[in-house]
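Same chain, two partners: chain A is paired with chain B first, then with chain C.
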Partner chain A sequence: MTRRLLWLLGLLVATSRVTTAQDSLPLATLDRDVAMRLTRIVDSAGSRGLPTEPIVAKISQGVFFHAPPDRIVVAAQSVVARLEEARIALAPKPTQSDIAAGENALGVDGVTRTALQAIRSTSPNRPVAVPLGLLAQLVASKVPLARATKIVTDLIKRGASDPQLLALGNNVSADVVHGAQAMASLDVRLRGLTAVLAPVAGVSAAATDPGLASGSGPKKP
Partner chain B sequence: MSDAERDPVLRRALDELRKLPPADVGAMRRVVSAAAAARVTPFDSDPGMSSPRRGRSVRVWMVVGIAAASAFVGFALRGAWTSRSHAASTAASSGAPSTAPSIVRTAASTELDAAPVQQPFVFNNSRAHKVFVVGDFNRWDPTATPMTRSSDGELWSTVIPVVPGRHMYAFMVDDSLFTLDPNAPKTRDPDLGAEGSIIIVGRP
Partner chain C sequence: MRRARLISLVLLALAARAPASAQWSLTGDAGVSHLRQAGIPESNAQTLGATLDAAGERSAFRTSFLAAHAAGDRWTSQGLVVGSIVGPTAGAAHWQLDGVASAFGETSVVTTTSAEVAARARLGSLLRGGALGAGIGANARGAAHNPLYRAQGDAWWSIDDERLVVNMALTHTRSLFATTPTSPTPSQDISYLDLGVNWRHDAGGLSMGVGGGIRGQSESSRTKTHGWGAVDMAAWIKPQLAVTLGAGSTLDDAVRGVPHATFASVAVRIAAQRHTTIFSRTPTIAGPRIMVERAGELRRIEVRVDGASRVEIMGDFTNWTPVSLDHVEGGWRVERVIPPGPHRVAIRVDGGAWIVPTNLPRIDDDLAGPVGIITVP
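Presenting the complex of A and B:
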């Protein structure tokens, strides 16, 4: 009796899990084989403790843009690979949103696992979604990775808050949209930000040094 | 010495309970009291429990239950204690004050920082009849997030919860026209090649 009850309970849990995963996927327009492959990708990632929302969002994006089914599968697999890489880079205890932000950053051409590790080691006990977003956006705006990483880590060390990092990223983005060069905008915006940040011993004044952003100033020892 | 403490097996269970960190003593007392009250002896009036063998079996299961409960409580408390100690040592090593309130504050702020933020989206189009915002935050659902037209008919806007981070989005005008945000940087999706606007979301 008890065994039968447990079996039924197990079946119920398993069924509800599959149903939930399939309900969250926009599989209606895809053929059965592709739908099953995508469901397996999402379920497998979830069972390994990875956030599944970025994968579902990518599949949804593929469906929205009418991408070829095989390309959607490859895209979903790429997201999983980046999620894995982000989780490793942001160890030891990344949150799901940290991993998702790391995955997004790794999707920007030029951003590396090492850059993610640098940000995590600078901010080991705080969420890093916003710093990673800023890093990704700076690199996407053609700021060299090493420079972007140093700017973000130095700002964190100097106590810049998430709203300040957020404002920097969005202001530089807005300047670029309106025709400014990313590096020139960064110089100006960094001056404004670092003017309100307290200097910290042992941290190079990245943000106060226009040369660091523009690459034209004197070299630091 | 109480009845519960005279029983050697129960005494062992109580000894185990006493080794636990002194958190929620009231809960432990309630567990022990309930167990002692529920003890079945050969003298119980319930005919189903009148056999000493049966009574002993039930008592053994009761003790197993208490032991399991104590182990569970112990692991839970020990885990909480260990993580708290770890957080304290980490905070101490990073130069932050290692007081309990600061640990609680860090945990609370971490949860808060990862929670969705009410993010406004604004789009300028006086000729549109309806506008939706689509993006990774609503799984590119073209009907999920309608925008509201301003009274002067120029602007469309909406405010929706979005988790902190960098997001790709666009506007759907009159059900069919996929339009990027002219006031945001654009990017090309690394996997699908599609273009989209970019926004970094965080707590204001």
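Presenting the complex of A and C:
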């Protein structure tokens, strides 16, 4: 017991200079070697400018679910690798939130760095955390990656707002739970959104023919 | 006329080609309309219409056709094709080219055709923005050709499912309506200024719009003011079947040759693609559901579950530490600082197993097993 207390005290001193996120590392239940390895992983990531919260969250998750220590280390290393990949894909100036969102999206089976790059190149100067969330939700709902990426980038180009992107992802997810095919749901849900986002007609919107100018088909007679 | 038609056809072809991989929709309408229009007797007319829409990243294409069969075996029909191409973004500005072609005919009346091209400068996005531009064109009725010049401005503003569009257009052409409708002879030059407002709501299987405007028109030395207004609604009662209602009055369209009309119509609409219906109810999923929304700097997570006495949540944003939710009317709630983007989450009801909220897509986490993916705004 005394030995364990001494080790915890030593660990406390050793990690006293690390960041806030590291302070919340749940290392007390792990043996010293694993704790030090995890601390180094977090420390190294932080020193390279990567957000450390996702790594800490993964370690906490492993501890909570009583995962074997080696699996926790591997999982933490995987998070770091995905964070690096996300940062590269979302270059040149990704925010910490963007990198963390990219890491989470890359953690969904099928999402690739190329998809993240496509979204970043479509929206080079704005945060992309929410579009990345939509991408992750669509792919997790079994929408093929190419189609999901195309939809997200199209909607960004059309100026869709974050709430609209969120609503689309949530609606498709709910439809799939209902038993709908993801692609069929997407087509239906997207139709409503694109109606709102349709380009404003030029000459046709002039009031020379009010009956035909409005949104959904002939009105006159 | 020939040059204007050629240019507009090229634009239309470009606009129609570009959205091939994009969203498109095809609908057909059949119904009846109480119609009062110059040249045909006021009566209940059978109507038939079709619309093809396509919208790509930077282009849009629409073609519509409408025919009405009125009393006395009189027919009136009109067709319209509109194509728009939007240029690449340069800051917040874009250029846009529009091409329009139309045809209008009535029984015993010479058909009127028109073609227009316009260039506009746009500012803003598709959600909020404005455009200023000018166009030229011509129309033809019989052997007579009339030039058309138009300057126009538009502004649009969308919030969620609502869209407001304000238009202004100054048009100079030659009137087709000063003489009898059966006469192919154009009359004097006219100029008119249209101001119009359209509001549109598209959500949950219901699409409805209200529009209205005024026109100030100078003919020779006289100036007249006229008004127009229209309402329309389409309610999708089946995924591919809607009921549409419309009523209103329109002004003479001196460019396309369509005379002023008053109408009230009802029709059924059949669509090639499926739509959300007015009876669709997303939140009917059995089991706990989770929602997240902004609450100032915090994010409000709400879980709805029947008959629970305790609800907990955990996810990457809680460092996988269980957090109890507070019971509020209609559900369970907690507010926290959560970064935007995708997050992994699981919930527990009454101390049972950790489960994925039923309205979220689930993935297999490497350490936690099944978790849900939720996007935080």
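Here is the rule we go by: the second predicted complex is superposed on the first by the 177 of 221 C-alpha atoms of A that agree within 3 Å, B and C clash if a C-alpha of one lies under 4 Å from a C-alpha of the other, contacts with A are read in each partner's own complex, and residues count from 1 in each chain.
Note that in this section a residue touches a chain if its C-beta (ideal position, glycine included) is under 8 Å from a C-beta of that chain, and two chains touch if they have at least 3 such contacts.
Worth saying up front: this structure is predicted, and the values here are computed from it rather than measured.
Trainee: Decide which partner touches more residues of chain A, taking chain B and chain C as the two options.
Mentor: Touching more residues of chain A than the other partner does is C.
Trainee: Where does A:54 make contact in the superposed view: on chain B (first), on chain C (second), on both, or on neither?
Mentor: both
Trainee: Between chain B (first) and chain C (second), which, if any, makes contact with A:190: first, second, both or neither?
Mentor: A:190: touches chain C, not chain B.
Trainee: Check the residue A:176 against both partner chains and state whether it touches chain B (first), chain C (second), both, or neither.
Mentor: both
Trainee: I'd like to know which partner A:124 touches here: chain B for first, chain C for second, both or neither.
Mentor: After superposition on chain A, A:124 lies in contact with chain B alone.
Trainee: With both complexes overlaid on chain A, does A:92 touch chain B (first), chain C (second), both or neither?
Mentor: neither
Trainee: Looking at A:133 after the superposition, I want to know if it touches chain B, chain C, both of them or none. Which is it: first, second, both, neither?
Mentor: Touch status of A:133: both partners.
Trainee: Between chain B (first) and chain C (second), which does A:62 come into contact with in this model arrangement: first, second, both, or neither?
Mentor: After superposing on A, A:62 lies in contact with both chain B and chain C.
Trainee: Hey, what residues of chain A end up touching chain B and chain C alike?
Mentor: 26, 54, 56-58, 60-65, 67, 71-72, 75, 78, 96-98, 100-101, 104-105, 107-109, 127, 129-130, 132-134, 136-137, 140-141, 162-163, 165-166, 169-170, 173-174, 176-177
Trainee: Residues of chain A touching chain C in their complex?
Mentor: 24, 26, 53-54, 56-58, 60-65, 67, 71-72, 75, 78, 96-98, 100-101, 104-105, 107-109, 127, 129-130, 132-134, 136-137, 140-141, 150, 154, 157-166, 169-171, 173-178, 184, 187-192, 194-221
Trainee: Which residues of chain A touch chain B in their complex?
Mentor: So the residues of chain A in touch with chain B come to 26, 54, 56-58, 60-65, 67, 71-72, 74-75, 78-79, 95-98, 100-101, 104-105, 107-109, 124-127, 129-130, 132-134, 136-137, 140-141, 162-163, 165-166, 169-170, 173-174, 176-177.
Trainee: With touch defined as at the start, can you tell me which chain C residues reach chain A in the complex?
Mentor: By the definition above, chain C touches chain A via 21-23, 25, 27, 29, 33, 35, 37, 45, 47, 49, 51, 53, 55, 57-60, 62, 64-66, 68, 76, 78, 80, 82, 84, 86, 96, 98, 100, 116, 118, 120, 125-127, 129, 131, 133, 135, 150, 152, 154, 156, 158, 160-161, 163, 165, 167, 169, 171, 194-196, 198, 200, 202-204, 207, 209, 211-213, 215, 228, 230, 232, 234, 239, 244, 246, 248, 250-251, 253-256, 258, 261, 263, 265, 269, 273-276, 282-285, 291, 314, 316-317, 319-321, 339-344, 358-369, 373-377.
Trainee: Which residues of chain B touch chain A in the complex?
Mentor: Chain B residues touching chain A: 87, 90-91, 94, 106, 110, 113-114, 134, 136-137, 139-142, 163-166, 168, 182-185, 187, 189-192, 194, 198-204.
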